[in-house]
Structure formats: structure tokens, C-alpha cells
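Across the two complexes that follow, subunit A remains constant while its partner is subunit B and subsequently subunit C.
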Partner chain A sequence: MKNLTKLIVLCFLFVPVLSFGQRGLSATEIIEKADDKFNGEESGISVMAMTIVRPTWKRTVEFKSWNKGTANSLTLITAPSREKGQTFLKRGNEMWSWNPSISRLIKLPPSMMSQGWMGSDYTNDDILKESSIVTDYTHKIIGEEIIDGRMCHKIEMIAHEDAAVIWGQQIRWIDKKDYLFMKAELYDEDGYLIRSEIGSDIKTMDGRLIPTRIELIPEEEEGHKTIIQIKEIEFNAPMDDKFFSQQNMKRVR
Partner chain B sequence: MKRRFIFLILHLFIITGFSQQKVTIDGYLNDMQSVYHIEDLGWLWENQLHNRLNLYMYPTDWLRISVQGRTRFMQGNMGSLFQGYGEMMGKDAGWIDATFATEGTYNNEVGYVFTSMLDRAWAEFSFGNFVGTVGRQRINWGQTFAWNPNDIFNSYSYFDVDYPERPGADAIRLQYYTGMASNIEVAVKIDSANEITAAGYFRFNAGGYDFQVLGGVLSGKDLVLGTGWSGNIVNTSFRGEMSYFQDLENFQDTTGAIIASMGLDYTFGNSFFIQGEVLYSGLTKNLGISSLIQVFGSNMNVKTIGFTKWSLFASISFPLTTPLFNFSLASMYYPEWKGAFLGPSFDFSVKDNLSASLIFQGFSIEIENTPRQNTYIGYARIKWGF
Partner chain C sequence: MIINTAWKNVWRNRTRSMVVITSMTIGIFAGIFTVGLMNGMMGQRLDAALNKEISHIHLNQKAFNDNFDIQYTLDDIEKINAAILSVEGVEAVANRVVINAMANTATKSMGVQVLGINPDQEMTILDLDQTIIPGTGSFFEKESRSNLAFIGEDLAKELNIIRYKIEQSTIDSMRTREVPDEVLVKLEPYIGKRFSSQKAFQKEMKSLLSPHESHKYARIILEESWSFRSRSKMTLTFIDKNNIQTGGMFRIAGIYDINNSMFEKSQIFVLNSDLQRLTGLNENDYHQTIVRITDIANTELITESIIEKFKNLEIQNWKEIQPELAMMSGMVEKILTAFMVIILAALSFGIVNTMLMVVLERTKELGMLTAIGMNKKKVFAMIMSESVFLSLVGGVVGMIISWIVISLTASKGINFVGAQEGFEAMGISSHIYPSITNSFFIIVTILIVITGILSSIYPARKALKLDPAEALRTE
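Moving on, here comes the complex of A and B:
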């Protein structure tokens, strides 16, 4: 009886995969699969370092972040020493910062959320949680190309008119075999290329193969880039909505 | 002295008792050169070597302990002009005396002060939604930036450029989190004069705004009732605080007064930050301010944050040439004194954990019918964080 149950469960697990395999995934399904892989489906915990590279200098910030869905996130800055210990909580459209050295909780205005750290090409909104690349865009496969030795789907994404997104249009290269984001080109509403993102250092983390180094290269600035390194990541970590609270902002470490 | 002794023993116990547990230490070391030009006093200078250590201990899931202190070695001619300068440094405003200072002179002229204090020493207990904190801690109920009428446990001078952490209060604080962005709490503080400040506080979030209300007794003398908020109008922050103070001994008369602040701040896409704040104080009558030194050097309490009935504050900050090099300009205006404060500063990130700053402060005021007084201060600081 027990074995039979197992078999039925196994069949259910395989059927959708096989059928996907047969008819081929739609552009949206490919994006969704890649996004799940990278963003950990429901929730994730990650430890990252971000390095700002400019022609004459570079600076690094390190942080740990907890995400659940697109609405909830909590980020703890772990370096440099000046910002260490500060946390940022995002719940829906609201965001707060906690500074332990002055025990001060500050409600941040929306204008602050789009600011990059140290002039990074990444913004707070990026760090905390990108807008949904699945639900905020329409997707279309426009070809295939080899990136870093991997055959990729080339997918064009156009933002929905009412979507609150930074990028009006994106082109993403997604590895055909493992559904990895290998490259992205991000365009503004007028169709100008603003920045490119390139994934590399593909490693298995928490049982998944992912690019652990991502370079963000702004289009119009020579010698400028931002490097994100994923040091640790845990996908689908069980987290209650209650985790994302002002109480926990002051406690996480 | 006795209190200090108990304090030290307590901390030796804590440090040795939990030395096997998870411990983190961080802090900074900085050196700051200050030059003052104060009318009638001429030129003064001081060099300050300043170390801050923050120790955190996490012995169990529900217990967190922190001991933090600052140690400074100051040299200059400030001491030779101010009688009791070193003594002033050694004064602890808290119930427990955790401040030490000693002073000396070189050739009867240039003096030095060595001072060390513990400004945080607390144990925090967390059980579910309940958090209890006992010991020297910072209880910060502020919502606005330049002046905080709701920050009744710990007021400070805006003009102290080298002490962002501010002193702690010897207190017991019990917090209960009723939701994601709401909590109720009760806090009781006792100071060096054995005066008690005790208040209840409720904070909640509604319609995209944080709101707070508080009520209690300030320094055993005044009833205090307050409210504050933080939210935004489109993309601009809109924050405010208001407190009402009423002398408990003369409760029947109409001596009650309001202190209120309100401000806006906005960050542009290019990191250009702009901020404005206005303060009203109904408690400026008996301040007895006659000299500029009282303005920037005083140990304040929440009732004396406003020097004149109205005070205006505006500041801007933005990166110069690179994000490593930041400029900010803060200004205050006191209409009744036809007076102003202007504070431009430059901040440069030398390396990941090393920064250099140049800070200027200029004051020019006319207090009632006295002649105009001008003071200029310059600070140069290099700061290494670890």
C-alpha cells in the first residue's frame, strides 16, 4: 500500500516535467523557472558582497538578507564597519531602517528606496527585492546564443504598461539545460540600453546550480561596474511572515 | 564611587561568565583636531584621540548583552580657559557613575584630559513578542532629525559632531510587539540626581504612516504627553513630533507648554538629499541663555531643545565629484536672535574602513539686547572603523 502511494506520487511528479519536455517551455515558463531557481521560489536567505568598481577606486559592502515573496525582505549590513549592524525592512511598499548605534528606527520615504549604495549601479530596491520579472512583463523567445560556453534562450521582455518597474524592456539569456540567468540587457522606457548583467562562477549552492558572481555594467560609463558575489544562499527556508517585523530588525544577525 | 565599583564588578562577572560564548567586538579609533575662535576668549585648540569599543554577547537565544564605551585623550588649551573642564568631562549624568576623568597641565599652559566612560551596558531578554532591556541603554523615540521633542529619555546637543551614539540612560524598558510595525512599551530611567523619568509608549502603523503616542513623568517634575509621526507626501518624507509639558507641582495653573517639530526630507535620484525642519518651543522664557557657549556646549534636556520660540533648520548633502567625497551644509535660523548657525562639512572615504572629515561650524547671534556674538569652530578628523 505504501509503495503504491509512492508510485502515484512519483507519477504525478514526473508527468508535468515530461509534458513540459515534449511541448517545450513558453518564454514566460522559462523566465519563471530561471527566476525560481535564482530567487528561491517562495523564500530565501543569502549572504552577499557587493563591490563598486570605478576607474580609480573600489568599495565593498557585505550584507545578509532574508526574502519571502516579493513583498517581504529584511537586510542586515555586515560591512563596512561604518554601516555594520544597520538593517532595512521592507513590507509591501513600506520600508524602515534601524541603526543600532543610535537605537533609531527611521521610516524611509519612497525617494530613498531608489538610491544606490555608494553610487552603486544597484539600488536599494534591487537589494531588497526586484520587481517581478515574471508577472510584470510579457515574454517572447527571440533566438538562441552561446554565452560562456552554454547554449541559451534569448528572451525579450516588455514591461506591462501599469507595472511599477525600473526597466521598460529587458533581454535575458537563459541557459537551456540548467535554466541559469547568464546575461541580461536592461533598457529604459525609451528603449535605451542602460546596463548589462553577466553571470559567472557557476556553483551548486543549497543543491542548486547558480551563477554566484554577477557583474553589472552600466552602458555609458567606461571602467564602471558593480560585482555581486553570492557567498551563501538557502532556498525555500521556512519563514513566517512574522519574521519580517520591526522586532526582528533589531535582533537579526 | 560605590556605584562605580558595583558597576565594574557586575561587568567583570558578565565578561568572565560568558567568555566561552559567542562574542563580537567592533568600534572605531579617530583623531580630531579642533580649532575654536570664541569672541572674548580668542583662539582655542584641542586634539582628541578617541576610541570606541562595542562588545556584544549572545549567550543564549533569548539573552543578548552589550557593553560599550568611549575613551578619549584630549590635549589643548581648552582646559586652561575653562575652570573645571576636566571635572566636567568626568561627570556622569546617569544613576551609576561609569565615567572616569583625570586632567593635567604641561608648563602651566597646555592641559590634557583623559576620560573614559561606559555609555551602554545592558542585558536584553526576548521571549516571543516580549523584550525586556535592563541597564544603560539608548531609548530613542525620535521621529524628526534636528530636534526631538519626543526623545524624552536622552536629549543632546545637535552641535556635538563627534558623538553620534549619544549617552545612554540607566533604565528598565519593557516592550511588547503587538504586530509587524507596532509595539507598546514602558520605560523607567533614573539619573544622577535620583530623578525619575517614566513613560508609556504606543507605536503603530496605519495608512502608510508610523504614529506614536507617549505619556509619563519627566525628571520627577513634569507631566509629559506626546505624539509623533513619520510618513510621506508622494515621495517626500513628512515627520513630526509634539510634546506637552506641565509642571506637576503647579498642576492647576496654566504653565503647561508645547514643544513641537515638523520636517520634510527628500532624496533625488543623484543622491542629492535635502531636508527642512521647524521647531516651536513654548519653553524658552526661563532658559537664561546669555552666551553663545551655552548654545553649543550645554548639556540639554528635552525641555531646552529650543533656544528661541521658533527655530528653523535646513540642510543639503550631495556627493562632490565621486560618491567617496560628500559635502553637506546644515543651517539653523533663530529669528528672535537674528541669529544663525552654518555648518558646512566635507567627508571623504579614504578606504573601506577609513574616512576623513572637515567640519566647520559658525554661529552668529544677538541675544536680546546684548552685542552680537560670533563663534567659529573647525574640526579635522580621521576615523578608522573596525
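Moving on, here comes the complex of A and C:
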């Protein structure tokens, strides 16, 4: 959960960059470039809605989050009203949660990060981000496909034998022009598809081109889905390190 | 003379006596056999707990068991080991690194306790190497470049390391096990499909097959579809020495099955060197020392003398770690005896009834015997002996039958396949080997005699109250 903001703000945001004929780029370079792009932001303020879909119910959580670099982030839940006002602070490797209804500040142990954040389909690995899509995989371009009207590189990534990665391999579709991650399929070691991530609704927000809707589908669980929609986003707003403090967790609106 | 007469009297009305004797036989057999099963079950549980799960004595820092903080390592482990081994009755010691972690695979994550061990040392204490499911690997015998983990069957199922899959080869091998073609045809569309849990697979099979087919073949299909990918991987996430989140990738060295789903789900064994390296602990940093003793009857004594040596450490023996085990081993005999007493109490009413009939039937005869000078004591003794014979004959036959049945089943055991899940949730194998001690037969014999005596009191009193003059006149 510590990285939810990073995950959303950084992971799926891409700075449109003038691309000089991608002919010369290798698969690894493409991945690196795309990865750089969503981890390359200095800071961001965003408003998002996360919809969790289950076979028998569905709910939407809205939140606002601030983040600076990869180390600091602060997330405030704004809806539904039952959870409104809860904040999550991440500084470096530590993480806290503030719950206004019981006036308690809790330091979150790693075991509490195992469950999906607010009941979503995000797993431990997404949030802890211990593995790197650049260094822990061997990349290979296996073709090109049109996704959502955009020409994409189709890149196969096979996990290194010793890497601390739970996946066996991934296939990612990366937009040729703007290096956006359009789609990812994550497979386990048996070669079964476990999860799909699909980006869509590409829009320019605060001057950058980003997919504003991200769908996460656990393939083996029928009827399960998590959808994230980015409503507003502001890049590189000046932010003080002091902003990411426990005091501010209780104040921030 | 009296005893002789009593014995003959028993057989004067064969049918009636045989009814009582048979009910006694059945009652005693049912009682003893149930006791044998329970006894076997408890014995197996105790054996499994001590030899496969907890060993006999644990030693660790006082605050360690509160939240398994990585900082609470034992100082000067060599000295501790030597001191424990010097206590008489101690067979072996082993040191462990104990860490709580999160185990992740592509499909799931689970909270587990990771035990960092030295396999050679650990094998002197626990029989884990004998619990491996054949074909899943070994107890750290093979060297590997990657970190290795030895995990339980139930955890493997949860994490999808063991899964259910139907392939052409599974169908072929089912054919050799005489699964009929019409069932195989139904399974064919599933080729290549994988089920992440046993429950999901069983559910799908149940809806696919007719009740008759699923009753007959579900087990074979389940066994054949069970599959395991060797060298499967998982990541473990835990906190290192400096309280910073860290982790590593572990490959499966082997999967153990000890018929205890709680333990299997929560305990992972890894090499202590891997764990010490990943957490930044030193080579001699351990959290726990486990001790095996030669005779569990001396548990308290040895615990005392170890406590004597390490006043500032927490020392717990198996009775304190799992109090229900101590309860079981101490109480089982008493509870089972009480169980027999209840059965005998119910049976005694049958005897009372029969003996009352005997007395009423022989009113004239008893009057005659008293009239010609048989004293009350002797009449009482005669009726009591008859009653004891009735119960004893039935009891002895029942004991012989139950002894034979228990001896026959003890070597092969009885498998309660249908209730496997429930048994394993309690930490007991569903394959039970009944066992009974010889002393229990002696206890039961005494109980039977007492039953005979007690149930004769009321009829005998009735006989004594007879007025000889009046009794003689009845027809």
C-alpha cells in the first residue's frame, strides 16, 4: 500500500517525448525508456477513483494523493464517507495509517501489506515493488500490435532464474510513439495467465499524455476486477519534504 | 459347591443367558475397540507432535515469543548447546533462526513462520526427512545455487505450487486404473485447464460427473490430477536485522506431509545460512534452541535442570508449548476408563433384569433350598456368582474378539478417507492404527466383575426376603 500512489501516479504516467525513429532500440532499451518515463517524475498531486468489482458487489473508493520522488507519499481517502479522512503515509521503507474515526495512528507492519489495498486486486509485489522490470527480466521484441488504435511493440519478458520475482514471464505492449505501457499480461512459471493490466483513455493531463484508466484483471478469479481512473493530476508542483509528516496526516485535506 | 451350582444354573435357560452374554460381548467389544481407536489416535498425535512438529524442549529469549522480534537472538550459542547437552537424559540439540514472513507466489500470498535450520542438526531431533511426499524433492539433500525452502503440503496447495491439472497423460493413466471411457470423455474438454485449489477442482468434478461416477472415481481423478512443478519458486518477504523490509526468492526443495494442516500451512523450513545472509544476522545468531530428550517420562526433571542453568531465558517443554498434548497424554487413560464404566453401567441393567427373572422363576426352588437349611449367605453367594458368570463370560468373549480385531487392524491401520480433511484440521492422520495396552484389559476385567456383583445385589436381596414357607407353596 505504501506505494499505491507511486504505483498509480508514477507507474502509469508517461511523459511524451519526441521519439527519433525507434528502429535502433533493443527490447531492453524500450522497456527501460518506458520504465524511466513513469518513474521519472519529480512530484505529483492526483485525484483518482478506484472501483473494485467482485462477482456479487462493487464499490468505489476515491482518493487524493501527493508524492515526491519514490520515497515519499501521502494518500487521503475522500469517498465513501465511511472511510473518508483516512490517510496513509509512506516515508522510505516505513508506512503509517491514520484513522480519524478512532483517532489512531498505526505503523503498518509488512504483513498488513499483504492484503490488497482497500480490498483491491493489487498484491504485495505491486506495492513493495522489490523487483524491477528492467534488471530482473530478459526482454525480447516478439512483434507489433495495435492496441486501442496505437501501434505497439509487443515485448516478451522472461524472469531471470534467480530474480525475486513471482512471475514466470510477462508480455507487455508499449506504444511505439510515446512509450506508454498499453497492456501487460503476467504469467506464472507454468505459463498460465494470472493477471492482465490494460491502460486506456489516453489523455493529455497537465501537459503530459497518460492512460487515465487502468484495468487490472486477475484472470483466474472470475468476476474480479479493479479499475483505476485518474481524474486530475498536477505534475512537479513544489512540495516540501515536511509535507510528508505524521502531523500532516491528520491535517491534510 | 456354590460356584459349581451357580455355573450350572447359568446354563439352565440357555437362550436367556445367551442373550445377556451376547449383549455383554457386543458392548465390551464396541467399547474396547473404540478405546483402541481413540488410544491409537492420541498416540499418533503425540508421536507426530513430538517427533515432527515441536520436539521436547524449546529455549529462547524471554520476550521472543511475544512477537518474534528478530533482535532477540541467543548469546553465545556454543556455550548454550554444550551446557544443555551436559544435562543427563538430553539426546540432541538444534539451533534455529525464526522469522515471520510473507510467502508470495503469482497467485497468492500467505503469512508464514520461517524456520532457518541446519538440516543435519535438525534431523537428529525431528523426522522431517521421512515426511516428504514422494517425488517432490528431498530434505535439503541436493545442493542448489538458489535459496531452498521445505514447505508443507497445505501451504503448497494454498500457494498453487501443488495444483490440479488434467492432461492427456493423466487421462491415459486413469484409463489404466480402470476409469471407464464415458467418464474420460467427460474429462477430455478439461485437458490443459488448471485448477488453483482442490476445492474448485472437486466442485467442478462433482457438477461434471453423475453422483454414482463421482462416488466411484472422484478419488482416482483427484489423485491423478495432483501435480507439482519441481523447483517451483516463491518469494519470502520479511524484516531484516535493521527493521527494513527485505526478501528473497526461494525454490521448493521438497514438500512434507504430516497430516496437520495448521502446521503445514504455517511453518516453512529453510537453510539457516540463507536466512542469516538475507537478514544480515551473523553466522552464530539464532533465536531458538530445540532439545530432544531420550525419555519423555523425564520431561519435567530435565526441564528443571535446564532452567537451573539459564535463569534469564525462557524454557518451555512440550507440555507447556502445547498444553492439550499434556492433557491428552495424562488424561486419556482416565477418560477411556470412564467411557467403559458408562457402557458397563448400561449393560448392567440387562443383567439385573435377567437375574430378577431368575429369582422370580425359582421362588419355589429357593424356598426349598432355605427350608432344607441353606443359609442366607450361601443363597446370596449363589445368585451373585451367577450374575458374575453372566457378565464375565460375555466380557471375556468380548475382550478376546476385540483383542483379535485390534491386532489384525493394528499393523495395516484403518483409513477414514472420507473424513480426512476434518482429521487433518485437528492434526491427526486419517489413517488410524488402533492400539491398546494390556493393563487396560486388566482394568476392564475388574470392571466387569464389579458390574456382575453390583447388578446382583437387588435380585439377591429379593431372594433373601422370600419366606421359605410361603415360597414352598407357590406353583
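We adopt the following convention: the second predicted complex is superposed on the first by the 166 of 253 C-alpha atoms of A that agree within 3 Å, B and C clash if a C-alpha of one lies under 4 Å from a C-alpha of the other, contacts with A are read in each partner's own complex, and residues count from 1 in each chain.
The working rule: a residue touches a chain if its C-beta (ideal position, glycine included) is under 8 Å from a C-beta of that chain, and two chains touch if they have at least 3 such contacts.
For clarity, every value in this text was computed on a predicted model and none was experimentally measured.
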Which superposed partner A:A71 touches (first subunit B, second subunit C, both, neither): neither
In the superposition, subunit B vs subunit C on subunit A residues touched: B
Which of subunit B and subunit C A:E161 touches, first, second, both or neither: second
Subunit B versus subunit C as contact partner of A:R253, first or second or both or neither: first
Touched partner set for A:K84, first subunit B, second subunit C, both or neither: first
Which superposed partner A:I142 touches (first subunit B, second subunit C, both, neither): neither
First (subunit B), second (subunit C), both or neither touched by A:E189: second
Footprint overlap on subunit A, comparing subunit B with subunit C: 93, 110-111, 114
List of subunit A residues in touch with subunit B within their complex: 52, 54, 56-57, 59-60, 79-82, 84, 91, 93-94, 96, 101-104, 106-112, 114-116, 118-119, 241-242, 244-247, 251, 253
Subunit C - residues contacting subunit A, complex: 100, 102, 104-107, 109-111, 145-146, 160, 163, 194, 196, 229, 232-235, 237-239, 244-245, 247-249
List of subunit B residues in touch with subunit A within their complex: 26, 28, 54, 58, 64, 126, 129, 131, 137-140, 142, 164-166, 177, 179-181, 183, 205, 208, 210, 230-232, 234-237, 239, 265-269, 271, 319, 322-324, 349, 352-353, 355, 385-386
Subunit A residues touching subunit C - in the complex, by the definition given at the top: 93, 110-111, 114, 123-125, 128, 130, 161-168, 186-190, 192, 194-195, 220
